[in-house]
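Below: one structure in C-alpha cells.
For reference, chains read A, B, C, D and E in written order, and residue numbers begin at 1 within each chain.
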Amino acid sequence: MTHAVSNGLLASDLVKNFGSVSVLKNINFSMNADEAVGIVGPNGAGKTTLLSALAGAFQLDQGSILLNNQDVTEKCASARCNLGVVRTHQIPKPFDGMTVFENVLVAASYGVDADKQTAYQHTLNAIQLSGMEHVANRQAESLGLLDRKRLELARALATQPKILLLDEIAGGLTEAESVQLVDTIKELRRQGIGIIWIEHIVHVLLQVAERLICMDSGEIIADGEPQAVLSNPQVVKAYLGGGIE
Amino acid sequence: MSCLQVNNLDVRHGQLAAVRGVSMTLNKGDVVALIGANGAGKTTFLRAISGAHSPAAGTIQLNGNEITKLSSHKRVAAGLALVPEGRKLFSNMTTEENLLLGATSARSGEWNIEKIFQVFPNLSKRRHTKTGTMSGGEQQATAIGRALMSNPDILILDEVSLGLSPLVVDQVYQNLERLLATDTTIILVEQDLSRAMKVANRAICMLEGEIVLDKPMSLVTRDEITDAYFGLHKIRTHNGDAA
Amino acid sequence: MSQWTNSVTIQRWTPSSRYAIVFAGLVLVLLALAPLFASNGLLDRLTALFIYVILAAMWNALAGYGGLISVGQQAFFGLGAYFTIRIADLGLDPFISVALAALIVGVISYPISLVMLRLKGGEFAIGMWVVASILHLMVNLDGLIQGETGISLVSLNHYDSAQRLTIIYLLTLGSMAGLLALLFFVLRSKTGSAIQAIRDNEEAATSVGVKPEKTKQLLFVIAAFGIGVAGALWLTSATTFLPKTYFSVQWSAYMIFMVLVGGIGKFEGAILGAIIFFLVETWFSSTGVWYLVSLGAIAIAFSLFLPKGIWGELERRFNWHFLPVGYQVVEKNKINTDKK
Amino acid sequence: AATSDKKLRVGFISPRTGHLGAFGETDPFVLSQVRQALADGLQINNETYQIEILDRDSQSDPSRAGQLAKDLINNENIDFMLSTVAPETINPVSDACEAAGIPCLSAVLPWEAWYFGRGAKPGQPSPFKWTYHFSFGVDEFYQTYISQWGLIETNKKVGVMYPNDADGNAIRRFLKPKLEAAGYTIIDPGAYETGTSDFSSQIALFKREGIEIFNAFPIPSDFSALWRQAAQQGLTRQIKIAQIAKTGLFPSDIEALGGLGNKLASACYWHKDMPYRSPLTGQTGKQLCDLYEAQTNKQWTQQIGACLSLFDAAMETLITSADPKNKVNLAMAMRKLNVSTIAGQVDFTSGPVPNVAITPIIGTQWVKSKSGPFKFDYLITEHATDPNVPIAHKLTPYNA
Amino acid sequence: MTNQIIQAILLGGYYALLACGLSFMFSVMKIINLAHGSLLVLAGYLLWFLAEHYHLSPFVGLLIVTPLMMLIGWALQAFLLEKSARGGELLPILTTFGLAIVIENLLFEHFGANTRSLAPYIGDLSWQSWELFSGVYVGKTSVYILVTAIIILGSLQLFMKKTPLGRQIRATAHDPDTAGIVGINPKKASAIAAALAMGTVAISGLALGVRGVFDAYSGGPQLLFAFEATIIGGVGSLWGTLIGGIILALAQTIGANIHPQGFLLGGHILFIIILLIRLVLAKGGVSHRMKAAFGGAK
C-alpha cells in the first residue's frame, strides 16, 4: 500500500543485509503523519530492523526514505529525531548513570529546539505521561524492566515527536499495566501523533492500530485493515497459528 | 516425597528485598504456574533457586539435600535446570554447541542431542547456525533444549513466551506438553493467564516478593488469581482476551 | 492531569553547593595572595599540585563523564611542552609560547579526534597510547629536540629566579581556575548531559537527537587543550623538555590514580584525587619503587572495591553535592533544603 | 661566626635506580668513603665546616630529578649541588640550579650534550652562570678512536650506528667529519630511534660495504639486539674492531652478551689503573676498587672513580672559594677550579667554554678473564688523551 | 629486498608470539590485558633467574616457569580479572593497567635496573643462523620463534573450536552467570583460560629474552607490539594474530627504509590506518561483501 504522501513517511525499496542474511527485502511502506500503524510478524521477520531503518539507526544497503516529501535517507538518527521521527528500543537502553529526569531531559533538550524552561516542561510532561513521577530522581540503573520500558517511552515523548516508533513496549506487562499503556497511547493519538507500533500482544495492539502490517522474512505479507490482515491465511500461517481466532 | 523445598527465602538486590520469606514445597510431577505482576520477584526467586543469585536468608533443599550454598553448576548436576528470562543463549555459538554446553554437568538420562532434535524438529536444520541470528522461537526452543540436555528432575522456565509471536508460543507450549508426559517437575512463569491455567496443575502467585496464593489449579478461579496479582486493589478489566 | 508538573520544580544548586562555591572562591583568592607570604618551595610544590588538578579534571571529564578511557593523554602533555619549546625557540617570550602551544595542541587534537573517536572501549584506550607514541616519535624527528636527550627552555633565564617562580605560580593557578570553570560550565550545560548520555548509551543518545560525534569531539578537544596547558606549564616549571618523560605513559598512570581514588565521574572527586596524589607524592615518593607499587595497587583496589572513589563515598554518606552538575526534581514546598 | 654557619649542605643527585641504575649502583659505597673522609669536617680558610651530603635518587627520571633538585634548593636550603650521570639526571638538575641561582657541579656526560643540549648556542656567550660541568667530549672520542683503530690493520671502512639522541647527534655532527678527514670511510645508515627491534636493513648495508670497523653509541638494550642480529646475519665475522660507547661500560652489560661480548672495544672515563690519588680520601684507584670488591663481592666499575672525582672537585671548590656560604664566590671558584682528582686533572681555566672542563677518555677492551674471579677483564689498550695512564693490553681483533 | 622481507616475516613471527596471550584473552575472554607486557617481562625474569642462579637452560626453565605462570594466571583470574570483568568493559583496562605498574615496579625492586637477556644462557644458538641462499641468513632462534608461534596459535585455535573445554571457556567468557546456570563451572573455565593465556606468556617471555633484552620497564613497548599485531590481524582470530604480526613487521621494515627513524613509526601508523580501514569497511554498502571476502580467509 504505497501511495505518495505529502505529509508522512514514504519508504521505497528498502534493502538491508547483515552479512549474508537479508533482513529487509525491498520493503515499500508508507504512512500518513496522523496514522496509527501496527506491525506484527514472526520473530526475526525484520520488524525491529524496519523500525531502525525508519529511525535512521544504520545505513541502508538500498532504498530511500522520504519524510514529508523530504529525502532523509542519508540523515542520521539524531537528525531524523529533530525532524520528528523518534523510536523506542525493544531492549531498553537507558542512560544508566543518570536519573530518570536527566535521561528525559537529554531528549527534551536535543530532540527539539527548545529553551531551558521549555525543555524542563517537556521533560516533566513526558515523565508524567508515562507514569514515572515517583521515580523521577532515581538512577536509571536501578529501574526494573517495566520502568525501563516506560523510560524509553518518556524519552521518546520528550522529543515532541510527530511520528513515534514503538517496539514491543507491552511485552511482559500484566493486563492492568497494558490497560494503562493503551490509555497513554490513545492520549498521544488525540494529540495527533502518528504511531508505528510493533507488538506481539495482538489484542493490545488492536485497541490502537487503525491499520495493521504483517511482516515475514523481510517482506510485508499483508497490509490493511486490522481484521482483514488477521484473517489473511498467509498471516495466520506465518504468524498467528491457531492462537488467535 | 517433596523434590524441592524452599524455606523462608529472602533475596535482595542491594537495599531492595525482592523476595521476602518465601516458602514452597514442590512434589515430583508438579507443573507449577508462577504468576505475579512485573517486579513481583519471580525472576529473582527462580534465579535464587537455580543458584544464579545468592539468597540473604533461608534454605533450599533438592531431593532432601541442602543446596542453599551450592553454586549453580552443581545444582545443575543435582538435577535442576533453568531456562532463564530472555533465553540467554550463547549467541556467538551454534545451536549444536549451545546444546552440547547444556550437557556439561549432565546426569544420565534419556535426553541427548538427537532426542532434542527429534522433539524440536525445526531446530535440526539450524544445527550449525549461530543462535544470535536465529528467530526468537528457535532461540527459545534451543534454550529449552539446552536445559533438557542436563536431564533435570526439575525444569524451571522463566517467561517462556515473552516477545514470541503467537505461532511460536503455540509451538513452545506444544513442546512443553510433550515434556509433561515425561514426568518432569516444572516451574513456569507466564503472564498469559489462560495459557498458564491450561498447562499447569498448580498455581503460585507472588506479590511484592511474597507468595500470596498457592493452590492446585483445579481449585482456583481466574478471579482469585487476579486478586492475588494486585493485592487489595482489585482491577477487573477483561479486555478482548484471547478467545 | 498536570498537577504534578506544576507542583515540582528543578533544583540545580543546593545551599551546601552555594557555600562550597563561595568557599572555593575564597581559597582561590588566598592562593593568589600566597606569593606574598609563602616560601619558594611551597609555591613550587603548589604549582605542581595545580597541574595535577588540571590533569585529573581533564582525564575525569573524558573518562568519568564521556566514558572515554585513554591511556594516551600524555600525547597532549608532551605536545604542549614541545610546542612551547618550539615557539620559544623562534624568539617569543616563554609564557606567550605556553599559551600559543596550548592552542596549537587544541587545534591538532581536532583531526586526531576525528580518527580516534571512531574507536570504542579498549581499542580507544590503547589506540591513544599508540597515538602518543606516534607523536613522541614525530617530535623526535625535530632536530631541535635532539632525540631523547631533549632540550631546555633557556629563554626562561631572562627572568630572575624569584620573579619567574611567581609568574609560573600565578599562571598555573589562573589556568587551573579557568580550566575548571570551563569544564564545570560545559558539564552543567546541556552538552554535559549529552556527554553522559553518550557514555551510557550512544545509540539511544543518537535516537533522541544527540549528535555524538560533535559532542565527543568537543570533549576530546577540551581535554586535549587542558592537558596541553598542563604540559606547557610543567615545562616552564621544570625547564627541561625530554620527550621520553613528557610522553611517558606514567602520566596516564597518575591521572588514572587521581581520578579513581578521588572519584571517577565526580567533579569534586578529580580535585580531591589530585590533592591526595599530591600529598602521597610529597610524603612517600622518597620510598621510590614502593611508592609506585602502592600507586598501582591502590588504583586497583579502588577500582574493584570503591569504584566511585572517596568522593563518591562521601557523597553517598553525607549527601554532599558541592559542585553539582546534575538535576533534582523537588516539590515546590520543599525547595531550598538539601534533599535527604 | 656562629656554629650553624659552619655547616655546609651539599645536594647530590644521581640515578640510583631506573634505566641508568647500573651507574648509581656504586654510589652508596663512594658516599660512605666520602662521608668517612669528611667525618671531622672540612678545613676552609682555617675554619672547620661540617659537610652534610643530602643524596637523592633521580630514579633515572628527568622530571623527578628536577623536582628533587627544587626540593633540595627550596626546602633543604643546600649551599651546593652535585649531580652525575647522563642528561636524564644532570640536565634537569642543572636547569633547576640555574633557575634558582644555586652553584652546581656535575660530571659524566659528554659536555656538548650538557652545554648545547640545554640550549646554549655555539659562538654565543655562555647563558649559564651557576652551573659547571667537567667531562669528556667529542674530541676525546676522536683522539681515542684514531689511536685505538690504528692498532690493528683494517680497510678503514667504519660502519656507524648513532641513535637519535644528544650523544648520537653530537657525535654525528662533530666526530664523523673528523674521522673522514683522518682517512676513514664512514658508512652511516642514519639516525635510528631507540627501541628499534630490527636492524636488518642497516646490517645488510654494512655487509654490502664490507666494513671492518664498527662504531656505535647505543643504549644497552639496543646494542644487544643489534649485535645478535649482526651475528645471526653474518656481519660480525668481518668485524675487526667493534668499538662501542655508552653501552658496555659495565661488566653486567658485557656478560649479558655472552660470547659476543668478548673482545669488544670500549672507552672508559675512569679506570682503576689510572695513576691518581683522591685528594679527599687519599686512596688510589686500585685501593678504592679493591675495597669495593672486598665489601660487595662485585666487580669494580668505572663509575666508582668518576663519582669520587666529582666529590674531589667539589671539596676543592669549597676550599678555594674561601667563603663557601657565598654563592657567587662558589661559582667563581668553580670557574677557576684546577685540581687533581682520582680521575686526573680537572681544569676549568682551559675549557672550550667557560662552564666546562675537559677530562680524558681511555681506550679499552673487554677480554675473557683468565684468572678470575670475574668473567671479563677490562683492559687499557691506548692512552692518547692521558698519556699518564699505563697501557696493559694489546688490542686484539674482534673476529680473531 | 628479499632478505628484508624474510627478516620481516621472522620478526612478525616474534610479534605474533608476543601477542599470543593478549590475543587469546582479548578474543576469548574479552579482556584487554594491559599488564600483558609486564607479565611477559616477569616470565622473562623468572627464566633468567633460573638460568643465572640454578644454571638451568631457559628451555628447561620453561618447564618450571610455564606452570608457574599458569598459576599466576589462575590467581589473576580469581582475584582480579573476574571481579573487574563484572564491572563492565572498561574496568579491566584500569585494573590491568594498575597491575602493570605494580608488576614492573616490583620487578624493578627485586631485579634492579640492569637489562637482562636470556641469550647468554642458550650459548651460540642465540646468534647462529642458516644460510638460505647466497647472502641471505636466517637466525635459528628467529625461525624457532616463528614455528612456535604457528604451533601455539594453531593449537589454541583448535582447542577452542573443537574441545568441550574450549567451548565452555567461550561460553563463560560470553556470559559467566548463564554458563553457571547451564552447568559449567565458570570459575574453573575462566581459570583454565587465564592459565592457558599465561602459559603462552611464559613461552613469549622466552622469545623476548632470547631475541632481545629486557628490563623491568620493557613491558610497555611489548604490549603495544602485541596489541597492534592482535588488532591488525583482527580480534577474534588467533590465526589473524600471526598475519597481524607479520604485517606489522613489514610496515616497520618499510618505515625503516623510508626514513632511518621510521621503524617504529611505520608500525604505529599502519596500525592506525588499519583501524580506519576496518571502520570504513564496517560501514557503508560494500561492507558485507568485503567482509565476506576477508572473513572467509580467516
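Simple rule for what comes next: contacts are C-beta pairs under 8 Å (C-beta built on N, C-alpha and C of every residue); 3 or more make two chains touch, one makes a residue touch a chain.
Listed by chain with UniProt protein names: A = Amino acid/amide ABC transporter ATP-binding protein 1 (HAAT family); B = Amino acid/amide ABC transporter ATP-binding protein 2 (HAAT family); C = Amino acid/amide ABC transporter membrane protein 2 (HAAT family); E = Amino acid/amide ABC transporter membrane protein 1 (HAAT family).
Everything quoted here is computed from the prediction, not taken from an experiment.
Among the remaining chains, those touching chain B and also chain D are E. Ranked by how far their CA centres sit from the centre of chain A, the chains are topped by D. With every chain reduced to the mean of its CA atoms, the largest distance from chain B is reached by D. Chain geometry summary: the mean Cα position of chain C and that of chain D are 40 Å apart. Separating the CA-averaged centres of chain B and chain C is a span of 50 Å. For the pair chain A and chain D, the distance between mean C-alpha positions equals 75 Å. In terms of their C-alpha centroids, the spacing between chain D and chain E amounts to 38 Å. Of all residues in chain D, those that touch two or more other chains are 17, 164, 191, 193. Touching of two or more other chains is recorded for residues 18 of chain A.
For chain E, the set of residues touching two or more other chains reads 108, 259, 261, 264-265. The part of chain E that touches chain C in the complex is made up of residues 26, 32, 34, 80, 83-84, 87, 89-95, 97-102, 105-106, 108-109, 220, 223-224, 227-228, 231, 259, 261, 264-265, 268-269, 271-272, 275-276, 279.
Considering their complex, residues 3-4, 7-8, 11, 108, 112-117, 119-121, 123-124, 126-129, 131, 135, 137-142, 211-215, 217-218, 221, 225, 249, 252-253, 256-257, 259-261, 263-265 of chain E touch chain D.
Note for the complex: chain A touches chain C at residues 55, 57, 76-78, 81-82, 86-87, 89, 93-99, 101-103, 105-107, 109-112, 116, 119-121, 124-125, 128, 133, 136-137, 140, 155-156, 158-159.
Taken together, the chain B residues at the contact with chain E in this complex read 50-52, 71-73, 76-77, 81-82, 84, 88, 90-93, 97, 100-106, 146-147, 150.
Taken together, the chain E residues at the contact with chain B in this complex read 164, 167-168, 170-171, 174-175, 177-187.
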